[in-house]
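In the two complexes below, chain A is the common chain; its partner is chain B in one and chain C in the other.
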Partner chain A sequence: MNAIRKLVWDGALNVEVTIDPELVIKGIPKNKTMVNLRIPRDSYIMNYLDYILTRLEAYIRVNLKDLKELNFWFEYDGIPLSWNYPTGVLYDIMNTKDVITAARDTNHLNMWRINLTCGSQVPRNVIPIIEGTKQIEKYWMHQWKQVCFILRGSSKQIMSISRKEGQSFWESILRRDMETFNNISTRIIPKKARFIPVVIHINDKFIQPVAPSLNDDGIENKVINITEGLSSSEIAIISHGVVIPKKSSLKEVYDRFLSFDGFLHLIIQEQPANT
Partner chain B sequence: MSRLLESESGTDTEGDSGSNLSNSLSSTAATQLGRESPRNKNPALSLRNRLEQFSRRLSQLDLEDKPDQSGYNEKVVIPPEGSSSRRKSPDSIMHDDDKEPSTDKVKIKFQPIGSIPPMRPSVCKISGTQPFSMVLIFLQRRLKVDNIYCYVNNSFAPSPQQIVGELWRQFKVKDELIISYCGSVAFG
Partner chain C sequence: MISHEEYKQQLKNLYESTGFQEWGKCKHIHLSPSYDWLSINADFPSNPNISPEQQDFAHLELKIVYSVVYKEPQLLLRVWKYAVDETGITVKVPVFPPDIKDFLNLPAWIQINLDIHSHDGLAETWYFIHPCDTSEIVGMCHHEKYLERWTSTFVSSLLP
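For the complex of A and B:
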C-alpha cells in the first residue's frame, strides 16, 4: 500500500502554459510566452499562478501589481479549468483517451498544453480568487472538514488539529512532504469508515454520491457498486491516471488513491460499443 | 402542517416576504387558480373549488400531522392572480409553506450565527439540482447583505459548485440540510 501511495503522491504532469497574447508585449516571440513546468497531480494548478506570472514578468505589458486586479484562469482547448479540483483530475477529465493509451505504452511522454487567460470576470465554472493563496488554503481545509464529516459523521477530529498542525498540513502539499501529510491525514481518516468521500467525474459533470463502505449485507462495497447506472455503455474507471479494476474494494481504493483534498476522485470514461 | 400554514400566513403580513411568497408559490397552483376563477361566477363556488384543490394537493404531500379542515380553511392564503409566473433561480427557491409536492425539492433549514438577521421562515425548499452558489445568492438577496458565509452542520463550507440535492442526501439531519450562515467567517 505504501508503494502505491508513494507513486500516487509523486505523480506529476508535464505542463506547457502559454499566457494570453493580450497580456504580452507586441513583437515577443511565442516561445518566450510559454512556461514549461512539472506540476504534481496532487496539487491545485492555481498554486503555480504566481510562479508562472513571475517567470513571464519581463514579457508582460503591465506590472504584476496591476495584474492582481484581474481574474486569471487556465484553459485547455478553450475550456476553462476549475482550479478547485486536483490538477491530475483536470488532466484525466480532459484526456481520458490519452490516459488509457499511456497506461499501455510506458514510453509515452505527454505534454499538456494549456493557456493562462485573464479577464474582468471568471467563467461560470471557475471559482473567483479574491484572497490569493490564502483562499485556496481555506477552500482546501473546508474540503478536508467535509471529508472528515463523511468519514466520521462529524468534523471534530479535524477541528481538534492545532492551527500550527493545520498550517503544516497545507505546507506539506506545497513542499511535497509526504511524511507530514501522512502523519496528519491518517489522524483524520479512520481505519473503519461508514462512508467514503468520493467524487465521480463523468461527461463534464461531477457527482458526489453517498458511498457506504459496506453494503446492506455487511460486505465491502466495490468500486463498480457506486458507478453502476451512471452510463449505459461499457466504462473505464480512472484515478490518478490509472485504470482501476472495477471489482476492487472501495475502501481499499480510497486508502491508496485518495487525493490531497481527501476525496477519491474517479473519472469515468465511456468506451465505444465496439471495443 | 399547521406550522407550515402558520408560517405562510405569518409571511403574508410581512411586506418584504410577500413578493417572495407569491413568487415561490407553485406556478401550476397559481395558474390553475387563475384559470378557474373566470369560469366560476359564483364566488362561494369558486372559493370551494380552490379549497378543494388545496386539500387535494395537501393530501398528496403525505405529511404526518394533517390539519383539520376548519383550521386549514382559516389559514389558507390564496395568491393574487397574475402571480403565477415563477422567477428563475435563485428566486425560485421555495419556502416550506409552498404546497406543490415535488420529489426533486429538498428542505433546507437556515440558522443565523451572530448578529445577522434570521430567515423567516427558517425552512425553505429548493430544487435539488441547483448548485450551492444559488443558496448563497438567495441568502444575500433575502437578507440584503454583501457577504455571506455558509456552513453545513456548523462544520464546513461546501464548494459553490456542489449540488444541493447531493449535499442534502449526504448531510441531512431529519430530512433537512442544516445551513448556518454568518456575515463574516465563523468557522475558518
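For the complex of A and C:
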C-alpha cells in the first residue's frame, strides 16, 4: 500500500499556463506570456497563482499590486476550472480519454495547456479568492472537517489537532512532505470507518454519495456499489489518472487513492456503445 | 440532527406558518417543490459597518438546505449588488466581501467560508455557515420543533 501511496503523492502534471492577452504589454511575443510548471496532482492549482504572476510580471501591463484587485481563474478550452478540486482531478475531468490512453501507453507524455484569465466577476463555478492564500488553507481545513465527520461521525478528532499541527499539516502539502502529511492524516482516518468520503465527478457535475464502508450484511462495499445507476452506459472509473477496477473494496481504494483534501475523487468516464 | 424526511416536512410546515413573514427583514420567500430548500430575499441587517458608499447593495439572499454529511439544516448566504453591465443596463450581481462577518455583524462563534453549492447541475459560489456544531448550538428541544428552533438561532437572531 505504501508504494501506491507514494506514487499517488508524487503524481504530477506538466502544465503550460498562458496569461490572458488583454493583460500583456503589446508586442510581447507569445512565448514570453507562458509559464511551464510541473504541478503535483495532489495540490490546488490556485496555490501557484502568485508564482505565475510573479514570473510574468515584466510582461504585464498592470502593476502587480493592482492585479491583486482583480479576480483570476484558470480555464481549459474556454471552460473555467474550479480550483477547489485537486489539480489532478481537474485534469482527469477534462481529459478522461487521454487518461485512459495514457494508462495503456507508458510512453505517453502530456502537456496540459491552460489559460490564466481575469475579470471583475468570476464564473459561477469558481470560488473567488478574497482572502489570499489563507482562504485556500481555510477551505482545505473545512474539507478535512467534513472528511473527519464522514469517517467517524464526529469532527472531534480533527478539532483535537493543535493550531501548530494544523499549520504543519497544510505546509506538508506545500512542501510535499509526505511523512508529515501521513503522520497527521492517519490520526484523523480510522482503521475502521463508518462511511467513506467520496466525491464522484460525472458529466460536469459532482455528487457526494452516502458511501458506507460496509453493506447491510457487514461485507465491505465495492467501488461499483456506489457508482452503479449513475449512467446507463458502460463506464470507466478513474482516480489520480488510474483506471480503478470496479470490484475493488471501496475502503481499500480510499486508503490508497485518497486526495490531499481527504476525499476519494472518482471521475466517471462514459464509454461509447459498441456498434 | 434531523433526518432528511423530517427536515422536508418541518421546512414545509415552517413555510406555511407565518414565521418567516414575521421576520422583519424578509422581502420574498420561495420553497422548492420538493421541499428540499427554501430561499429568502432579505434586507440587510442594521449595521453601522455598512458605509454610505456601499449603499448600492441590493439584497441579501439566504438559502436553507439540508446537509447530507452532517444531517443538519445548513444556511447559505449571498450578497447582491447593483452594477452596470457592458450594455449600460443596471443588473444585480453577487459580490463576496472578504469581511463578511463584520459586514453582516455576525457573532464570533459563526464559522463561515465560501464554497460551491450544486443544485440541478448548476454549481454556484455561496457563503456557507459551517454546521458541525449545530446540535449543540440549537440545544435540546422537541424534535418536531427542531427546524423552527434552528431558524430562530441561525436566521432571525443572527440577522436581526
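List of remarks:
The rule we apply is simple: the second predicted complex is superposed on the first by the 274 of 275 C-alpha atoms of A that agree within 3 Å, B and C clash if a C-alpha of one lies under 4 Å from a C-alpha of the other, contacts with A are read in each partner's own complex, and residues count from 1 in each chain.
The rule we apply is simple: contacts are C-beta pairs under 8 Å (C-beta built on N, C-alpha and C of every residue); 3 or more make two chains touch, one makes a residue touch a chain.
Not measured: the values here are computed from a predicted model.
When the two complexes are overlaid on chain A, chain B and chain C occupy overlapping space and clash. When the shared chain is aligned, no partner comes close enough to touch A:S259: not chain B, not chain C. Contacts of A:S43 after superposition: neither chain B nor chain C is touched.
Applying the stated contact rule after C-alpha superposition, one finds that A:S155 touches each of chain B and chain C. In the superposition on chain A, A:T117 makes contact with neither chain B nor chain C. Judged by the touch definition given at the top, the superposed model places A:D204 against chain C, while chain B stays out of reach.
Using the contact criterion defined above for the overlaid structures, shared-chain residue A:S82 touches chain B and also reaches chain C.
Superposing on chain A, the segment of chain B with clashing C-alpha atoms against chain C, chosen from 9-17, 27-35, 45-53 or 63-71, turns out to be 9-17.
Under the contact criterion defined above, the residues of chain A that touch both chain B in one complex and chain C in the other are 82, 84, 125, 127, 138-139, 142, 145-146, 149-150, 155, 206, 208, 210. Across the complex, chain A meets chain B through its residues 82, 84, 125, 127, 138-139, 141-143, 145-146, 149-150, 154-155, 159, 195, 206-210. Those residues of chain C that touch chain A in the shared complex are 68-70, 93, 96-98, 111, 113-116, 118, 121-125, 130, 132. Every residue of chain B that touches chain A in the complex is listed here, in rising order: 152-153, 155-163, 166-167, 169-171, 187-188.
Looking at the complex, you find that chain A touches chain C at residues 82, 84, 121-122, 124-128, 130-131, 135, 138-139, 142, 145-146, 149-150, 155, 204-206, 208, 210.
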